[in-house]
């Protein structure tokens, strides 16, 4: 039985590319207003899992439920409308826009002007546009980039690009946010800022799934963690359970015999 | 003495007056000078320029013609714009030009609107003169004439009973083929079949195989020289042998190069064949061209030369009758009767079409040899 | 007329399409761009071959092919280094790259028209008009040479890509930029080398095609059909390009009789679009 | 969220600066439109004729710019849609005697329908779609040349009817120019409006990164279809004027080379810039008139211009102008 506060459920979701099984019978439950980690070595299938949940790739078999409704075959834009939004492993922005414009694209579904309105309406278009811009500013303020709103995104540092992407995702007002390696390329200060930002958002009711390599970040932030290797789930549990799971340690650091040393390594990584 | 003085003075005055009245008449020339069809435009321009040198050396008395050439790249839009510019900015009194059918068709609408006479050296599309456009004439025969003369010649001179038609699918090939088909039916020349091919085609083996299986007496092509060359070449490679009629392609060097030895024995109808015109004007032109360029003139060079002269002749008559204007030039162009041109005597008919001899030729020993001069 | 003869000429033209299509595919894999100038490079190669024949009439024809290919490859190398690489490095969009190669194509074809003239050129060698007998059929003497060159080039490319360091490096640079940089391969060099190689192959195709027809500045339009061949067989796959080229070559020759010749060009593209709608990655394409 | 008064004040200023780009677009619009209206009409004669040609191709280039420059949907068969518009309009005028305003709308609608048909091919992935648009152009040209019963085939259509608008006969060049310039102004203005705000942002997002555009909820396939249809409809409207300029209509005005010319126009003018499309059309039509003695180098020059502008000025003439004015502004500060 699904507990009432579960917002996202994956049931034996599988994705094959030709002969290769990128995601194999992935099942997981994500609780509302929590941070859920999805970790695993390179090539484990985490980003593919994100593509499946966000709809950029089609599911071969299995089912994805969001708020109790199957979204398995829904178009990606429809999933955004129902409250699922994602970021990418390397930030995908719109390189010829300004920071404000990029975040404003996140308000697309919240602006009621259509093709004709965009050409022929005067007052409504202006009002809607003003709403879009002021909302975009609010989200820029949340990530602390309001001062750079007029800068072309092409001129931003890597860390700022990440933040703009997060602001753009938040601007869609999702109830589930999928963050793909949100800390890679960030310095420790920026990482800490992002951590605080996410905690703050969760406190306001947002659910987050994190694909992450920074163990310290994951262990410190997540309530629950799912570990994948070669497309399959090898462990699922609280950060403490994961840190001591022999399968996880083996997956990260080779054979199970080296368990003791690996565990220490995992712990020490936490301490870095 | 006094009288003599007055006489001298009067002569001086007159010559001064006439030189003051001598005018440069701007005349436009357009045709494809670049692109794949450049040969038509640039060769007829070269012919026109030689004629112009002679004309400006006193043919119009002290008057001169100033030629304004433009490139139409064989595109209708560019042709219309180029001609419009000649009329609006250069204020031309006449336009010589139109080498490709599409370019000419667009240009005649411009000259008609502006009431400027246009004389085309090469355009053959019969639709051009069917529109009853009083401002357009040409010295080339219409496609109907080309096709009908060919059909008659095949039937009467060559005793052909059946033909197979190959047609370039554009407004050069289609009107020729249609007129040919009609005439063939009329005179009882059997049409074994007709295949229209795309202008971009280079592989004709399947088509030729179909043609060969129909066993016609003659294969008649209405297309460009490149296709004619490839067809002759591919027929030879397939070891198919039928008498092959290639139209004006026969007079083009590149046709013979592409076809190679297989060009031998093909027939064609030319605009003009150097040496086929036995009149003084015909001989003088070939001789002059030889002196200047050390070769015989091509058919397009001959046509360009004559177009310029027909225009100059009309201007000369207009001047004699009281003045050169667009209207009088037009009238006199349409009054052209048996003008002794380098390409033969030329008469302009009331619809703007021309009457002129057409040389039917055969390739013998790599040389274009006159078969008959069709009057 | 008999079928086998038609099949032979379809095969010969198909080989030409294949070679140009292989060039398309190599460039697409190495640089991720659709090179609309590929057909024009073939045309330049054919003209270069013409100039070689004119200036060195004693040179045997089979030697003209590598010389013309080498010269055109150098031109391709310069184009890739000077015009294409800066755009690729900047991460320019596909649209931009297509427009860039279109522009290069215009420059090449109109430049060639100014250099070699607007009239078509015919190779002044006996081979142009010679035929030989294959069994009982007369075929142009250049056909065996086309087949041979095709086999040599494809085997050569296979060996290059599987046996030599350069080939492995080029493949690595195309497939996995990280591995390539570990191997010490300069991506810029690898891209330019692939482009040059593709230009050279295109030039060889042009020189071999010339005796069948003639050389003219608008010959590059043939490249568009070769592109359809590459797409048909799956863009980026060399065996796919070869098969696509042969399919289009034979299909055109045999299909010419079956379908209306007025719509020949349309049919080639409708066929391509149809196949793509059924199988979006081409005949040899893998899923996903 | 709490905001101090000072913050909200600065926000208002920021709002002004964010809309300043929009204001600049309208200033450029005003400048371009006033040049467009004043120069050909005051010079008259052949310049008016050039103005007619520029206006037609500027309209067409605006359509292409919206598709290619703004939304990144490359079309290699744009001239075909001008052809569809031209033939639709003229044939309806000639055979049914419909008034020009009706046939103009019909031209836009038919071209839009054909564009929508082509847009179905967006199922094909990026590169394949591009070559399919090329194929589409070839197919349309062949239909125009071969469907003799309807289009008159390669011989073309003669006797183009005079434009008549609610009883007024547009017989003079000036009259035709006023019609064209009105159409151009209207379309340019609507496209500037479209490019501002939500829809324009969505188009640009799709053009710059499709996956990211989907990730924020922009319905990418639908928007791609919309922009392709829109661009083609505009080409159809431009095409409807062409026969009235040339007084003759032939399939040869809608070949691959014409499509290529349209692409060169928007690239030289600046990919993605609406004024750039108009500037590009003007440059490509007017410049050859001043270089008539070098006619044989024309296409070579266009090719060189295309490559050079892509390498040296990736944002075209309009982009260079904008960059220059930005630099000036910065210096002024």
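Letters A, B, C and D mark the chains in the order given here, with residues in each chain numbered from 1 onward.
The definition used in the following text is that a contact is a pair of C-beta atoms (placed from the backbone, for glycine too) under 8 Å apart; a residue touches a chain by one contact, two chains touch by 3 or more.
Computed from a predicted model, the values in this text were never measured in an experiment.
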{"item": "Chain hops separating chain D from chain B, counting only touching neighbours", "value": "1"}
{"item": "Closest chain to global C-alpha mean, per-chain Cα centroids", "value": "D"}
{"item": "Chain whose Cα centroid lies at the greatest distance from that of chain A", "value": "B"}
{"item": "Chain B-chain C separation of Cα centroids, rounded to whole Å", "value": "39"}
{"item": "CA centroid of chain A to CA centroid of chain B, Å", "value": "74"}
{"item": "CA centroid of chain C to CA centroid of chain D, Å", "value": "34"}
{"item": "Residues of chain C engaged with two or more neighbouring chains", "value": "113, 262, 265"}
{"item": "Residues of chain D engaged with two or more neighbouring chains", "value": "142, 146, 208, 296, 299"}
{"item": "In chain A, residues with contacts to at least two other chains", "value": "95"}
{"item": "For the chain D and chain B complex, residues of the former touching the latter", "value": "45-46, 49-50, 53, 142, 145-146, 153-156, 158-159, 242, 245-248, 250, 252-253, 257-258, 289, 292, 295-296, 298-299"}
{"item": "Interface residues, chain B side, partner chain C - complex", "value": "34-36, 38-39, 42, 169, 195-198, 200-203, 205-210, 212-213, 226, 229-230, 233, 236-240, 254, 257-258, 260-262"}
{"item": "In the complex with chain B, residue positions of chain C that touch it", "value": "1, 5-6, 9, 13, 113, 118-120, 122, 124, 128-129, 131, 138-140, 213-214, 216-218, 221-222, 252-257, 261-262, 264-265"}
{"item": "Chain C residues within the chain D interface of the complex", "value": "28, 34, 83, 86-87, 90, 92-96, 98-100, 102-111, 113-114, 224, 227-228, 231, 235, 262-263, 265-266, 268-270, 272-273, 276-277, 280-281"}
{"item": "Interface residues, chain D side, partner chain A - complex", "value": "1, 11, 14-15, 17-18, 190, 193-194, 196-202, 204-205, 208-209, 211-220, 226, 272"}
